[in-house]
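Heads up, the next two complexes both have chain A, just with different partners, chain B and then chain C.
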Partner chain A sequence: MFILGIFLLLLLFAIISFAVREGAWKIATVESLLILVLTAIYAVLRFTSYTGGFMSVSSYPVDTSIGISFSTGVSALSMALLFLSAVVMFIAIFVSGREKFNRSFYGLMLSTEVGLFGLLISRNFLFFYVFWEAIIIPVFMLISIYGGKGKEKAALKFFVYTQIGSVFLLLSILTLFSFYGTAYHTFTLNMGKLLNTAFITQYITGPNPFWTDFLLFGFFFSFLVKMPSFPLHSWLPDAYTSAPYPVSIVLAGAISLMGGYGFFAVLLPITAVIGSGIAWAIILLGIFSLIYFALVAMFQTDMKRMMAYASAASMGFISISLGIGILSSGNVAYLAVTGGIFQILAHGLIMSLVFSSLYIIKNTTGSQSNLTVSGLFREMPIISTFLLAGVMASLGLPGLAGFIAEASIVLASYQVIGFIIFFIIFGMIITASYHVWMVQKSLNGPYNENLGKLKDGTKMEIAVLSFLFIIILVLGVYPSLFYHMIFMYVKGVF
Partner chain B sequence: MFDYAWFIFLTPIIFAPIAAIAGRKTKVLGGVIASISITISLILAIIVYIGLRLTDVPVYQTYNWFGNIDAGIYIDHLAIVMALMVSFVSLMIHLFAIYYMKDDPRQNTYFGETALFTGGMLGLILSSNLLEFFLFWELVGLCSYLLIGFWFFKPNAASAAKKAFIVTRVGDLLFIVGLAILYSLLTVRNVASPLSIPYLINNAPLIAKEVGAQNLTIIGLLFLGGAAGKSAQFPLHVWIPDAMEGPTTVSALIHAATMVTAGVYLIARVLPLYENATYVAPDAVLFIGAFTAMFAGTMGIVMNDLKRILAYSTISQIGYMMASLGMVTVIGTSVIGFSIYHLVVHAVFKALLFMTAGAILIALMELRDVRRMGGLWRRMPVTVTLMFIGSITLAAIPPTAAYFSKDTIIDAAYLYYIRSGGNIYSILPWVFLVIGALMTSLYTFRMFYLVALGKPRSKLAEEAKDPPMIALIPLMVLAFFSLTLGIIQYRFYDFIDPSTIHVSVPFMVEFTPLTMVVIGILAIAVVYGTGIWKNMDLSRSRVYRLLKAKYYLDYLFTRIIAERTILPLSSGIARIESGFSRDVEATGAGAMGFGSVLRRIQNGIVEYYFVFLIIGVALLMLILEIVGGI
Partner chain C sequence: MNNIFLNQYLTVMYPEIFLGLVAFGMLLMGKRYHDWKVYTGISIISLLIAMILLLLLDAGNETFYGGAFQINNFGLYFALIMIVSSLYVALSAGTVLKDNPEVFFATFLFVNIAMIIAAFSLNLIFIFIAFEGVSVGTYILSAYGKSRRNLEASAKYFFTGIIATGFIVLGSSYYYMATGTFNLISGVPEKGAMLIALVLLFVGFGFKLALVPMQQWAVDAYDGTSNPVSAFLSSGTKVLAFFILLRVFLVGFSHFYNDVFYLFVIVSIITMTYGNFAALSENNLKRMLAYSSIAQAGYLILVIAVVSGSSSTFAFTVAIFAAMYYSIVYIFMKGGSFLSVSAVNKDKVEINDLEGIGVKSPLFAVSLAILMLSLAGIPPTAGFFAKYYLFLSLISGNLWWLAVIGILNSAISVFYYLRVITVMFRKNDSHEFNLGSSVMLPLVTAAILTIGLSLLIFAYPQLSSIVGGLGVVR
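Coming up: the complex of A and B.
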């Protein structure tokens, strides 16, 4: 009930934000902070002695004849990502105070959060799909209304890509739904029942393996678009670059969790039906994405675009982790998959830190190109330090959250892929190179005097970014905070 | 009972931000707080040392970190010796840095970072798990990166920091592949905590039997890759000379005394794994170490930058420590003592040398070219005396400490040759190390001559002044230890490994290194003492040009690998990427005609869009009704 309460409150907040006349930013900030606090309290109450499975399970029938009911359930996976969305949304809304956005902007931002929360707590495929779709709309509008140069094209691309992905998702859900109906003569859209290895092997793979491949293809396709993975990523750089910064934070921090969530909420329970060929394909795709995006990022001169590709590159680890989880067993598999889930969390937090500090830099200097910004340490030492911290976290420096995820995946990967591991390492070296190169060009070096005298971030901004950095640091030093419960969840699902 | 041992590394880490923040208003406070925190570490380390002497049982406390990976502290004799050395040398350097950095407006940041570094280094030494070790390994790497680029506005410093980071990162990632292999192999055999250091070193023979010596060899080579990156061994040594762009106290602390020896410590830490691997892994350590000892020395001779001469000498000396560890299969675990003893002695005298260099650079306004110094003994007698003590120690002239530490390693190399059957291949390490000794003598006395003797060759050198005596006290302490540490040689070996053997070699062999040193001194006396060097034109000589170009390794890494391979690859892929993006758009726009529709929709108001959402959901419900009805 508690989590449903938070969800409804959030819905109410979104509506309030659309309606208020004055001080939309302040109200939205307080609202998102409240949601964050409530989510944290919820996590403490329900997940301190978590041993796997779902908490807060409840179901409200809508139309039982075709199996529709609003069922909720929160696993450790959802919990971690609920926390992530709450943090990212708070940060995004908070830093947007640098510009004058109108109330619809905040309404749309909170609507995105509603969609994310709905997606993460739904245990019914109809609502899963509805929220999956619902998230696209406010994000689409945020890009197309508030975006910068080329916003229309970017928004359109984002929309078309994710729509095509969604169609496949829907087809897969419907396949499961109709086969279940034929098999058991009852209709259900309950995720727990549909994502059942015994059911799939007996009634779908048994009669006709084509349909298993069909539905796996649908799921993989739609999740890989959202992730995004090569070659379905073309929407990403444009969307990230054209979107206003707060929306980029949401894209990199929160929207990117959807693909990973799909992987681990939908595909993980049915790994037994995923063949080793598909698993290998996923691993190789992940490694290829990692290297490809890293190399593309290296050649960008616009810091925002570079970090957009960096974000995509680190999503490669998630594909790798799922593939390794499928192909191995026992502790190695748990470590790999837990690492993958942790990567979603870490990546979201780190990207919010990077993009918010880039936002403040862009807003102060008027430029986000690392060819014109130089020696920023002199004029904006604190925000530069935050950017440096974000960059270090993004390249996987130990002690920060990203390392725990990457180390888990890399440690587990040798068991499955052997010396192909060196390709991952190559990707990581390239990643380190361009991150450090960006720091050298933008933060170090002689100061670009044309920029004049600059003001460092405000006290509030420093406080909020410190809070974000502390989360990243704590998760890097004491990962058990989330790692342990995710590990329990993964153990339970396998 | 050793709970407080955690605070050996936690204290500086906790105090680091305090030093950085407290030092913002009152500048000197940063250095004072950092020094106090390191003093606390030193005292705690001494208490633990006494405790270890009394109980003789290693301290081992560990907790679950994540998954099946633990983290904690493991303090045996090896670790406590390192902890004592690091906290002591770091304290001396911090005290001198209070003077050295006194005019820098960002000194609070500096002391915050060096305190963090010291904490990280101590954490690395006390780690009980290799992944935890890796965490601190990277933390000190980060501090090194930040401190090399401390004067971030200097383009050279910014670029050197980047280079250091990337080159060591290459090594670090090799290290983590080694960890991955070890982890995978042991986890599938149901080992509870596969990367725990005490487990690895106490069960090495068993592990070798379980996973195969072949696999251990691969792991050993990958660890060596990591160690080579951190400890600047061939061919990953290229970052250290550039790293001299940082403040000189940083070079003393990080790039001479402590961090660069982390690679040696890593291999010493897991040496039982090398012992049980096939001969390839320890031999690789031996040959890379011995070769680096000679190779870096040759470059040290032609450098004109005071700090770079010292940098190459550091690389070369670390080569000796590495080489010593590589002899483990033939000589046994005594080599850990030989190596670590030289490590400690080196830390003391190299910190001393770098700090005297720092004092000289302050007096000469950051002029680093030795050709423009000269005659400083008149102007800076105390500093030059200290530098002289450092120099004779570096050159291993008796009775300084390095004479005992370094010659033991060279003699051990001869023993290695005798014991491994006396073939031509196994004499090479000894030859390399002896040539290394000659090189050491050459570059050391060339440096000392050009800096201190002769006549001043620039205006700055004529007007140099000694720093205040109080600032030089830490240097005097270090000089005292450089001269006297030799006394404890055998007690030191026995503390590290009670079964240490006495290396005894034929008289002729034993005095070969010393002969080399004398030859070196004479050569320098002839060339530099008589002024011949002023008329020498070496720029035509092939050898000279090869050495000046640092064997073209920088050229290979920067020009050929980075600029001619990776960058074109990256630009090519970036071009493919933008082409791909355009193609997608073209296909999309052509096939769907979607654009015009959407442009129309975009003129609408926000509420309008929700109608779309509702229509969409309604459509979905409809589909479900139909499908459900089948």
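Coming up: the complex of A and C.
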């Protein structure tokens, strides 16, 4: 009930934000902060003695004859991502105070959060799909109304890509539904029942090889688009570049989260049983994504674009972790998948930090290009430090959250694919090199005097970004905070 | 039975008789009263009364006139939603059509009579008469207006329409040749004549639904007529044509499902693909909407493909439920978007003319955006749920490839629907808009209903229990 309460409150907040006349930013910030606090309280209350499975399970039947009901349930996976989306949305809304956006902007931002929360707590495929789609609309509007150059084209591209992905998701869901109907002569859209191991082993593998491929293809396609992964990523550079910074934060932190969530909440239970045939393909796709995006990022001079590719590159780890999880068993599999889930969390937090600092830099200097911005440490020491911290976390510096995730995945990978991890390491080296290069150009070196005298971030901004950095740091030195419960959840899935 | 008014052959016709009397009364009033408000009021009230009369009918699957006419809940459902669509259009028609309102509204009521009859007919002759009633009425309605464009549109519609009529008559006679009866429920007929009848009737009835290759009239007619009439042509009469297709091809050709299946699959794929691609490159708003309704017709007839192509009872039930769901949602999303064109005071409205309306009236922009999203089939709008049941029926009928084609098409359609949304939120102060209540009221109503009808998923048990009323024996 608690989580449903938060969800309804969030819905109310979104409506309020659309309606207020004055001070939209302040109200939205307070609202999103409140949601973050409530989510944290919920996590403490329900997940301190978590032993796997789902908490807050409830179900409100809509139409039992074809298995539609509004069912909720929160696993450790959803919990981690609920926390992540609450943080990301709060940061995005907070930093947007630099440019005063109007009330519809905040209404749309909170609507996105409503969609995310709904997606993460739904345990019925129909509602899963409805929320999955409902997230696209506000993000589309945010890009197409508030974006910069080429916003309409970028928004349309984003929408069409994700929409094509979504329709395949729908087809796959319907296929599962119809399998279940033929198998048990009753109809349900309950995710627990449709992703049940016994059902999948018995009725999906054997009789219908074609449908199995169809099913896996649909799910993969839609989740890979959202992540985004090679070769379905071409909406990414346009959308990130054209979107206003707060929306870029949402794209990097929360939209890519959806792909990862789909991987572990929907695909993992299926592929753990029948996916061994495609596991290698997934791993190779992940490695290729990692290296490819890293190489592309290396040649960017625009910092925002570069970090957009960096974000996509680190999502490559998630594909790798899923593939390893399928191929291995026992502790190695748990390690790989836990690492993957932790990576979604870490990646979202780190990208929020990076993009927020970049936003402040862009807003102060008027440029986000490596060619004009240089030597910022002299004029904006604090924000530069935050950017440095974010970048270091992003390249996987030990002691910060990103390292835990990448280390788990690489460790587990070695057990399964042996020295092929060399390619993963190679990708990580490229990642490190362009991250360092970016820092070197923009933060160190001689100050570009053309930029004039600059103001560092405000006290509030420093406070909020410190808070974000502390989360990243804490997760880096004391990962058990989330790691343990995710591990318990993953154990239950296999 | 001594009392002629209680004769059951007459009582089943009370709603029709009532509407007819009102319509004639209106024509008589025309000499004295010229205010459109009076006629709008009368039409709305009499349509409401007709709805009540319909609900009072005993929907006990009883047949009349030698099996030609059957009152059942399924027909009742369609009769009611067609009247709802007329009500919806009537609300906004008067303000646009100021001269001779009595002729317009009387014709409108005549069309409704024909619609009600069609909803209960199980006989080709009845269906033909009802269909012609609607056609002739809409020829008059589409000519309504002073400009040359209206007349041109109407003439085009009329001339192509009577050719379609010819096909129906010829097809019906072949049908009679094969079965020896005009009733749709018949014994096992002779194959050769039946296939000729299938093609001829398909051309005739498919014309009204604007299926490719009988689609071009629709684009010109919708474009040329006044907005309320195009709204009506594309909502109420579309639903009627769809209902007739369901009845004629699923009941009348139940022994030739294989042929029906192939015919409709091919036409459906061509129709939706054509509609979507033509709409992609169209800049004129009304023509774009017209192409989009061609594409929507392609989705609609997927229902016929499912029912004829799969033997699963579940797929059948869901498919017919999808047809019922789609029809009611379609009325509001399509009707509403055609009526919203009135916001721009121009003859030929380009999509770009909507620039800046998002700033002037966010309510208008959001409402039209909801309709567009619903047409594109994106949740949480009712358009999505209708499509959801449609694709569900395809998948459970093992027609996955058809579902893929349909779904890819709906992904393409997103392009042009979203274009309208993007354009509305552009900044541009130079355009003037007509945002009076005659535009806003129907649009906002449609938007609210488009969201609200999502709740129709709760009614699945009730509505799916009446699908047998279609007349298909399973």
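Just so it is clear, the second predicted complex is superposed on the first by the 490 of 494 C-alpha atoms of A that agree within 3 Å, B and C clash if a C-alpha of one lies under 4 Å from a C-alpha of the other, contacts with A are read in each partner's own complex, and residues count from 1 in each chain.
What we mean here is this: contacts are C-beta pairs under 8 Å (C-beta built on N, C-alpha and C of every residue); 3 or more make two chains touch, one makes a residue touch a chain.
None of the values given here were measured: they were computed from a predicted structure.
Contacts for A:Y489 in the overlay, against chain B (first) and chain C (second): which applies, first, second, both or neither?
In the superposed model, A:Y489 contacts neither chain B nor chain C.
First (chain B), second (chain C), both or neither: which does A:I137 touch?
both
Contact-wise, after the overlay, does A:S104 reach chain B, chain C, both or neither (first, second, both, neither)?
After superposing on A, A:S104 lies in contact with both chain B and chain C.
Mind working out whether A:Y359 is in touch with chain B, chain C, both or neither, as first, second, both or neither?
Touch status of A:Y359: no partner.
If you stack the two complexes on chain A, which partner ends up touching A:L171: first (chain B), second (chain C), both, or neither?
Touch partner of A:L171: chain C, not chain B.
After lining up the shared chain so the two structures overlap, which partner does A:L295 touch, if you call chain B first and chain C second: first, second, both or neither?
first
With both structures placed on chain A, which of the two partners, chain B or chain C, ends up touching more residues of chain A?
Between chain B and chain C, the winner on chain A residue contacts is B.
Is A:S65 in contact with chain B, with chain C, with both, or with neither (first, second, both, neither)?
The answer is both, since A:S65 touches chain B and chain C.
After lining up the shared chain so the two structures overlap, which partner does A:F220 touch, if you call chain B first and chain C second: first, second, both or neither?
neither
Under the stated touch criterion, which partner chain does A:F263 make contact with: chain B (first), chain C (second), both, or neither?
Neither partner.
Using the superposition described at the top, list the residues of chain A that contact chain B and also contact chain C.
Dual-contact residues (chain A): 65-66, 68, 104, 126, 129-130, 133-134, 137, 141, 144-145, 152, 155-156, 159-160, 170, 174, 177-178, 181, 187.
Can you tell me which positions in chain B touch chain A when the two form their complex?
64-68, 131, 134-139, 142, 145, 149, 152-153, 155, 157-159, 161-162, 165-166, 169-170, 173-174, 176-177, 179-181, 183-184, 187-188, 562, 566-567, 569-571, 573-574, 577, 580-581, 584-585, 588, 592, 594-595, 598-599, 602, 606, 609-610, 612-613, 616-617, 620, 623-625, 627-628, 630
Spell out the residues on chain C that touch chain A in their complex, using ranges where they run on.
Touch residues, chain C against chain A: 314, 318, 358, 362, 373, 378-380, 384, 388, 391-392, 395-396, 400, 403-404, 407-408, 410-411, 414-415, 418-419, 421-422, 425-426, 457-458, 460-461, 464.
Could you please specify the touching residues of chain A with respect to chain B in the complex?
18, 65-68, 104, 107-108, 126, 129-130, 133-134, 137, 141, 144-145, 152-153, 155-157, 159-160, 170, 174, 177-178, 181, 187, 231, 234, 237-238, 292, 295-296, 298-300, 330-332, 334-335, 338, 375, 377-378, 392, 397-399, 403-404, 407-408, 410-415, 421-422, 425, 428-430, 432-433, 436-437, 439-440, 443-447, 479-480, 483-484, 487
In the complex, go through chain A and note every residue touching chain C.
These residues of chain A touch chain C: 62-63, 65-66, 68, 104, 126, 129-130, 133-134, 136-137, 140-141, 144-145, 152, 155-156, 159-160, 163-164, 167-168, 170-171, 174-175, 177-178, 181, 187, 211, 214.
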